[in-house]
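Order of writing sets the chain letters: A, B, C and D. Residues in each chain are counted from 1.
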Amino acid sequence: MDFASDNTSGVAPQVMAALNAANEGHVPSYGADALSEAVRTKMRDLFEAPEAAVYLVATGTAANALSCALLTEPWGAIFCHRNAHIEEDECGAPEFYTNGAKLVLVDGAHAKMDPEALERSIAHTGRGGIHNVQRGMVSLTNATEAGTVYAPEEVARLTEIAQDYALPVHMDGARFANALARLGCTPAELTWKAGVDVLSFGGTKNGCMGVEAVVIFDPARAREFELRRKRGGHLFSKNRFLAAQMLGYLAGGGWLENARHANRMALRLAAGILEVDGGSLLHPTEANAVFARLPRGLHRQAVEAGAYYYLWPFDQSLDGPDDELLSARLVCSWATTDDEVDSFLETLA
Amino acid sequence: MDFASDNTSGVAPQVMAALNAANEGHVPSYGADALSEAVRTKMRDLFEAPEAAVYLVATGTAANALSCALLTEPWGAIFCHRNAHIEEDECGAPEFYTNGAKLVLVDGAHAKMDPEALERSIAHTGRGGIHNVQRGMVSLTNATEAGTVYAPEEVARLTEIAQDYALPVHMDGARFANALARLGCTPAELTWKAGVDVLSFGGTKNGCMGVEAVVIFDPARAREFELRRKRGGHLFSKNRFLAAQMLGYLAGGGWLENARHANRMALRLAAGILEVDGGSLLHPTEANAVFARLPRGLHRQAVEAGAYYYLWPFDQSLDGPDDELLSARLVCSWATTDDEVDSFLETLA
Amino acid sequence: MDFASDNTSGVAPQVMAALNAANEGHVPSYGADALSEAVRTKMRDLFEAPEAAVYLVATGTAANALSCALLTEPWGAIFCHRNAHIEEDECGAPEFYTNGAKLVLVDGAHAKMDPEALERSIAHTGRGGIHNVQRGMVSLTNATEAGTVYAPEEVARLTEIAQDYALPVHMDGARFANALARLGCTPAELTWKAGVDVLSFGGTKNGCMGVEAVVIFDPARAREFELRRKRGGHLFSKNRFLAAQMLGYLAGGGWLENARHANRMALRLAAGILEVDGGSLLHPTEANAVFARLPRGLHRQAVEAGAYYYLWPFDQSLDGPDDELLSARLVCSWATTDDEVDSFLETLA
Amino acid sequence: MDFASDNTSGVAPQVMAALNAANEGHVPSYGADALSEAVRTKMRDLFEAPEAAVYLVATGTAANALSCALLTEPWGAIFCHRNAHIEEDECGAPEFYTNGAKLVLVDGAHAKMDPEALERSIAHTGRGGIHNVQRGMVSLTNATEAGTVYAPEEVARLTEIAQDYALPVHMDGARFANALARLGCTPAELTWKAGVDVLSFGGTKNGCMGVEAVVIFDPARAREFELRRKRGGHLFSKNRFLAAQMLGYLAGGGWLENARHANRMALRLAAGILEVDGGSLLHPTEANAVFARLPRGLHRQAVEAGAYYYLWPFDQSLDGPDDELLSARLVCSWATTDDEVDSFLETLA
């Protein structure tokens, strides 16, 4: 009953098999091997983007921070939701990689940027000329930190605003698969066809060991990315093992199947919680995370029965009156089982 | 009738005289001259801080950004008001000098941080351990960007919160003289006695040509400041001319007299505006800036009569119906005359 | 016959087995799992350093650049050999992570810093006070980029000079195992007992998939490292798989056996080259790399027979007269076989 | 008898007069005033460069570091002479402003880059692809730190090499006037006509209080400079006083007259030293600095008689045998008098 995060899960069998299979003989390092070439081709096909540049790194923070550094000058503003991972969970990596760009926080329900709020933020920034930071870029997260999802037309609504100001758009897709699984659209429809310039395409949370792809739809920007990646210490010498993971992940649509499974588990969990007396949801369950409000007594019961998850926000406590409502985040992954969900829901009974 | 900013004024006579007097013969460069030594002694006396380190730079942005870099690590949060100069008017200089610290914006009426909002912001930051930026420092502005003033006990209320979290405190005193002139307390009472660690002590806006002092009350931090100043290109070879300005500024309390005058002009302006039909104030006039709301027609009259000032915020326009209310910032300086104020008020009649 | 680099090899069986074994169930992320704890204990035991802080990252560049950032201020000089990896092969990663420290290049035969040259460099640096970069740290590489090795007393000779100036010392041990295998001393003797403060302990080149440990002998510096690692995007969520690699690598002394094997292969290769007509060595073969000079005709023969390695430096060419001497780097690894060495030598016959 | 540096001098009368004259009334701040406009026009005329962008800052380090940041990416190499001011005397400001570019040091007699050495350095850099820092820019100093001068054809020889690699060229002209006074060519001939892209045009050392112009011959780069200047804290609010200095400096060719005078003083000093028993020169005296070798006893005599200058390098001492030869730097300025030179030479008699 581990719902702490999708990153507490291990490596999906097909990914592990690919890693083992890749471990044969000597191959050129730093991405000049056949698997690294194959993954570039595979990703370009997947995204219907034959010109796209594709690079692999091992962490989502690296993918995001390098993408930001590619898209904005140091004196630029990065417009993102107040709850974006780049704002809340990366210890300032975007500021470090951009040499000091400023994250300008945009509001919006359920961790989705409100288009009007985004427009206001952009319009407001840089009005004072050189005295202010300048408009730099937009970064949106899909699926969001609240387990919600932007549909292609919602993405397009935001990227149109960005384009009005000639700003490039980054999508943090650490849980891109979960968004796609929910929406049923194509990868292209959710990205470049909707105006996204650079995508962090997550693998780690959805069954990989540690690999994320950065997909740069305009290849003119590729060379600079290579230098930034190396300079950040994110170029792997044995790059074949990043490539193998990603190839194993994508093979036969397994990545989407993993995501569909995780989303399904989340929906079952959410449905169960709504049946509990006092149970409610803070956000719609559109991907693999459930944000649930439950009486403290039930949380205590669950935890005592071995459930592992975070009260969200962190500053709540299991100590206190039983009937007070506490909110929590429960995350499902490719590895979550029906049994785990059932067992958890039983602890609330 | 120039109320655009206190920095459109020139150099006060006593400062210019000191510059001319300092231009005698060869003296050691980079601050090893007698005037540079004298200004250090003078500032220490003024602040009743015999151990303080005192450095001169030529711009307020340099003073602020170098101070921030001294007080926070790159992964630290700088808690400041949403309207602070370091947030709104320095093109990201604090982010540049700190190598990417994050400004966390605190609300509060009239550009003064609300203590509870500050406390909430600090408490919230860094709760996620190494995943978040860490608590770094607090920066407050006195007088504020809204022309208001923190009294010593208000400063102390904020610095106590900072101290609860072991955070150092910077005061942006680009208009410190105006605050002091309003409050009638001593420089020490408004700074280190109220818990301030480092002060940007403004000279430029109040009659100097281009000089600000950074007063570091704990001298253990001084050496690092010297290196950061040099590395930032802010160490003057002919430092005697920064020193001369500051000495001329301070001589005989002239700096405070300048500030008292500017504040007085602002109060007269404010009083006159309140008498105008449709005239009102957005913020209390406690220093040298007046934030006035007036019908567009009157703004147009004033501007056509030669008044020079900014509609505030910038996105308002003189084009439109006469009776709509527009807000504006009018700043007085040591050089503002009663005649200018009268003439301006007459344009509104 | 792949002698291009030790990083063209795959993953050693014992490391791959450990990775597979680690892939069981849910475990806490970001290093809070049992394997991550085990690797810390194991490394502390290995280094007889019960207080040491141990962190895992995935690349050598990350290990080195983060270590430098821990040990020097941005205005510090990093004293290193002219051929150090941090100078020549990291695209400025140390400059990026330190926010602009300056690498000051020290000469010395066979890629080992000459102690007197080091002393002169340190003495010279910072003499001009705040006008110069300051003395920051020393970084030495063991085994070196020339396939040579510093003995403990040679390390101590350099660290004593550093200590005379109160400078911390980093050792780039991307091939630490190869140095140790050559010297037969203990890890402690080659590091902290010889005055080293922080070690980049390589795994990748010697049989891992992608893992390096940073060993910080003074734990007071540990917390800052954690923040820098996260901020650099180098904290793995599924950290257990870095830990598993390192544990598998260390188990039963396999790491040293791998290194002994690689060194042995290099010595055989070197011996064979010396027997070739016109063959000579540029550097003593003390670790796993051979720097050989051979007539161009022989290089051509080898390459045509399928040998894969670099002419060193790069600007030489296989086109030209047969009898001209060209130098080359040939690197052996845990995966190099006697057959490969023999086959290569036969191509020269 | 102060020969310590040209920056121990004060402000030339014509510059001081211009400062006093500029102190009239309110004018727009941040360079929107008439004097700031006039200085741009004046400089463009002077350089026969009607499109050039011209910006004023207050220190040479700011001018140089901002210029470097404009011309190279963070992963670029800055090719400069081993004794360049940007390498030896700016505490790493170029590294700070560029976010970590690497200064690659080029040799050459008398502080002038040897063209072949420059070519070798550029050719060598970046050969390893993304593993190395990339070729970034060339920076040369005229007049040099050794008091020598590059003629236009010597500048062109270096810039042609840079152009072969598509690298932009910066000239550190902190003593540009002294070079020009020596050469008798036009400002254009020594800069853009010889292939220079950006010039730091010094004012401070040659009679200003603290002002340097950055002349950017390709205006496409101008906007970025403005943002970098503001972000570095180098935009003056009362910019008219930087402009006034520069206008006063340039008026009637006074700047060149100042430089001619300083050069003449240096030549007299050099001639006198050569007549002294045991006196010799380390570098040809082509600008305003004399590098002299004299017996220690004579240095002691001079210092005891009140002469003020530096032994060069710093690690020599006045303590020791009288007849040992010590080298020293003696710098003349616009303010050096024949009497001072004579008095100094008399102390050696």
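Definition applied: a residue touches a chain if its C-beta (ideal position, glycine included) is under 8 Å from a C-beta of that chain, and two chains touch if they have at least 3 such contacts.
Please read all numbers here as calculations on a predicted model, not as lab measurements.
Trainee: Weigh B-D against A-B on C-beta contact pairs and write down the one with more.
Mentor: Output for the comparison: B-D.
Trainee: Just grab the chain with the largest centre-to-centre distance to chain A, centres being mean Cα coordinates.
Mentor: It is D.
Trainee: Which integer distance in Å separates the CA centroid of chain B from that of chain D?
Mentor: Here the centre of chain D sits 34 Å away from the centre of chain B.
Trainee: Mind checking the centre-to-centre distance between chain B and chain C? Centres are C-alpha means, answer in whole Å.
Mentor: Measuring from centre to centre gives 51 Å for this pair.
Trainee: How many Å are there between the centre of chain A and the centre of chain B, using C-alpha atoms for each centre?
Mentor: Their C-alpha centroids are separated by 41 Å.
Trainee: Could you list the positions in chain C whose residues touch two or more of the other chains?
Mentor: Only 74-75, 90-92, 96, 99, 130-131, 134, 227, 230-231, 235 qualify.
Trainee: Which of the residues in chain D come into contact with chain C in the complex?
Mentor: Interface residues on the chain D side: 74-75, 88-92, 95-96, 98-103, 123, 127-128, 130-134, 313-315.
Trainee: Along chain D, where are the residues that touch chain B in the complex?
Mentor: Those residues of chain D that touch chain B are 2, 4-5, 7-11, 16, 19-20, 22-29, 57-63, 65-66, 90-93, 96-97, 204-205, 209-210, 227, 230-238, 241, 308, 335.
Trainee: Please output the residues of chain A touching chain D within their complex, sorted ascending.
Mentor: 73-75, 99, 130-131, 134, 224, 226-228, 230-231, 235
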